[in-house]
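In what follows, chain A forms one complex with chain B and a second complex with chain C.
Showing the complex of A and B:
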């Protein structure tokens, strides 16, 4: 459905994306991960036909993303990373314009989405909060029920409740056979929705993996407080865990498959508190690369 | 041309249009009411109080005999060029460069509307709104003029003058629109889109001051016709034709450039 071959797109600053190759099949939901400035949005610009690539090719449904952009847009929903809407309009007027220009008669899906995100498209868009703008963007991207969706950091600005709604929406669209590419720098969001993950760093695709593979290679961190931290570290290290004392807290990193053994080992300690350490995307990458190198 | 986008353009830009039209109507109304056939002599004497170079620079010719000449000199010499120029600069920048600069054009490009269609629709709005504005003013001036001084206005000559002034204003709009398509940065778009028409206007004003620097006038798009001579019944079809050709060229270039443009949105 989406096919990118040797895609290179350079900016004058020297940044850009280089020799990208990936393919997203119909019905697949793919997460596009990478730190800020890695080239996620640049790739999306090429897919949307905003910038013509310097080299290589990109196609959606067999159509060239630059030359055939208007044809592609008939069946594509796009949510920009940094949304700027047309000025001086209400949300309602904007949605009406989109419906008109897309020749939509049936606005059932639009109403469903508005209800789902508890959104009210009244009032001038300029006065909207970031979360409201994001909701309007989501409604605009999904309301014509497109087969392909390109979403750039779709949950930014949404509160946790609405982030959950969004995950549910993606899961629903996935069941209905939609092809989705979504960029993010939040691993949790991608973990809950995607089948496959592409990881980009400094303009180069550094990994392409199934979510299961990535999950298993991902090491989770735990923070434990015990009666005697030093003893706990010694014990856990002896059992083969990567444990260390940081700021009077024992930090332990384990891979998915040894969770059971770890929990059982913990029963030997006198535990005051037990927390899951949230990991940045960078950590996830680092460990994925480290593991990838060993295999 | 997209009808939905055209309607949207009207919705988003009508206020600018109304403000400029009303200001120009008010100004024209005052100018016409100041005219009086008996007072032509008095007006001429008033002119003589000012340095002749200054009067010429502002397009106020000293020798007019009727209302058509009066309007050609006082209204169409500078005002009917300067005011619409500001409108053109503001509108052209807003229509393209600003929406690329802020990224809001992504809202249009993510619909099945092609870039060519978007630019043509916006250009049609720009040119049509300016044409309608000047047409309203023409009708208004004729109406007021005829009502107040039934025999003093040569409508045919006045129409010819309005056609030429409209065309030169459309050229200005196309210059601003062209730079609005070229630059993604609103500042650069305004800089060139305003700078070049203003430079043309200054050249024309300087060229009017003295015959020695008439060459300055000839390189300005505003110096290719003499409002007084058109008001006296002459026509400048060749100049009109050249304006039309420039308009077509600038519009074609705008479309070609925007079609291939890298849009970092």
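Showing the complex of A and C:
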């Protein structure tokens, strides 16, 4: 559905995205993560046809994202990272304007979304809070029931209840077979909604895997308590393990092949407690941010 | 069509402000003619003493200020300046508004081609420019009706309004092209102002020279001179030059706009 091949886009500053390759199949929900300035928004803008790539290609449903943008937009919903609305409109006028441009006659989905996010689109947009603007943007992106959705930090500004509603919306859209690319910093939301994750850093794709593989293929973490935690950290570090003291607990991360060596090393310590540390996607993510290793 | 409606709505307030200015210039300007004409030879003497370069700057070179048609041509010149500046403002809005105010992510994510969207915006601008020219005619007649003068300057009014329409449309088209080529929208106003100022200075140069020759091609403000209009001639050659330039600018503007990168101005 969304295919990116050797996509390269370089700004004058030297930043950009380089040789991106990924494919998002129909019905997949993919999380797109990366630190600030990594290239997420640049990728999204190339997919939206705002900027033309310097090399490579990007297509949605077989159509070129730059040359065939109007055709793609018929069936695509987009939520930008920074929402700026047209001046002098109420939320209702804004939604009606969008519906008119799209030739929408049936506004049932629009009403359902407004009800779901519990907000009233009356009143001048200028006076809306950040959260209300975000809700308006979400309704605008989803109301024409597109098959493809590209969402840039969709829950920014939403309260926890509405963030939950948003997750439910994504899960519902997923069940209906929609294809979604979602850029986010909210790891829990990515974990709950996405099948697959792409991680970008400094313009390069550093990881591309499904959620479970990503978590399982990475290092395992252990939490150990000993008689002398500081000494334990020193010893384990000398033996080549990634060990640190966190809240008076020794945290150690090892890869699968080091397990036997690690267990044998632990026998040198007087261990009071030994627990496996559950690894969240955030831990995986932070690892890639820190080292930029590839899968 | 609702993009066109939206553009017209957004442009209405600025249009009204410009029209108020046009009204004052035309009506109040014409009313002042009574005082100027009663000044008689002294007015001409005063004008003759003004250095030619200053005369060129204010558009009164070779003009008989005591005659109604001569006086009206001065007003016509200032109306033309206003129309051209307004046209550049309209072009800037058509090309750059969404980029400068960062709403391009909504307007250009709809199932409409860039060419269509640009067309609607440019049409909205042309509607306002057309209204400006039409209202210039109406306000001129309104001002004339307040004067107790039998002299008719119907041709001058119509020719000037047509000249204003053509020249302002030309500035509209050229500014549109400049802004579509530029990769830095925040510099748009600067470069279009430089362009206007350059052509204005060239126009002053044209007025300073006895035989400006080809230099006049680069001074759209001097395509239709008072002397020609007062003599009942509308310069068809420069009208064709205007139309050809407008067409070429439009063609290239569409091509550049279709390939333009939309990046938010920081």
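Definition applied: the second predicted complex is superposed on the first by the 218 of 295 C-alpha atoms of A that agree within 3 Å, B and C clash if a C-alpha of one lies under 4 Å from a C-alpha of the other, contacts with A are read in each partner's own complex, and residues count from 1 in each chain.
Methods note: a residue touches a chain if its C-beta (ideal position, glycine included) is under 8 Å from a C-beta of that chain, and two chains touch if they have at least 3 such contacts.
From a predicted model like this one, the values you see are computed outputs, not experimental measurements.
With chain A as the common reference, the superposed partners chain B and chain C clash. Of the two partner chains placed by the overlay, chain B and chain C both lie in contact with A:70.
Of the two partner chains, neither chain B nor chain C is touched by A:186. Put simply, chain A uses residues 45, 48-52, 69-71, 73-74, 76, 78, 80, 82, 84-88, 97-98, 100-102, 140 to touch chain B in one complex and chain C in the other. The residues of chain A lying in touch with chain C in their complex are 45, 48-52, 69-71, 73-74, 76, 78, 80, 82-88, 97-98, 100-102, 140.
Chain C makes touch with chain A in their complex at residues 2-3, 6, 10, 101-106, 108-114, 116, 259, 261-264. Of all the residues in chain B, the ones that touch chain A in their complex are 2, 4-5, 8, 11-12, 99, 102-104, 106-115, 117, 260, 262-265. Those residues of chain A whose C-beta lies close enough to touch chain B in the complex are 11, 45, 48-52, 69-71, 73-74, 76, 78, 80, 82, 84-89, 93-94, 97-98, 100-102, 140.
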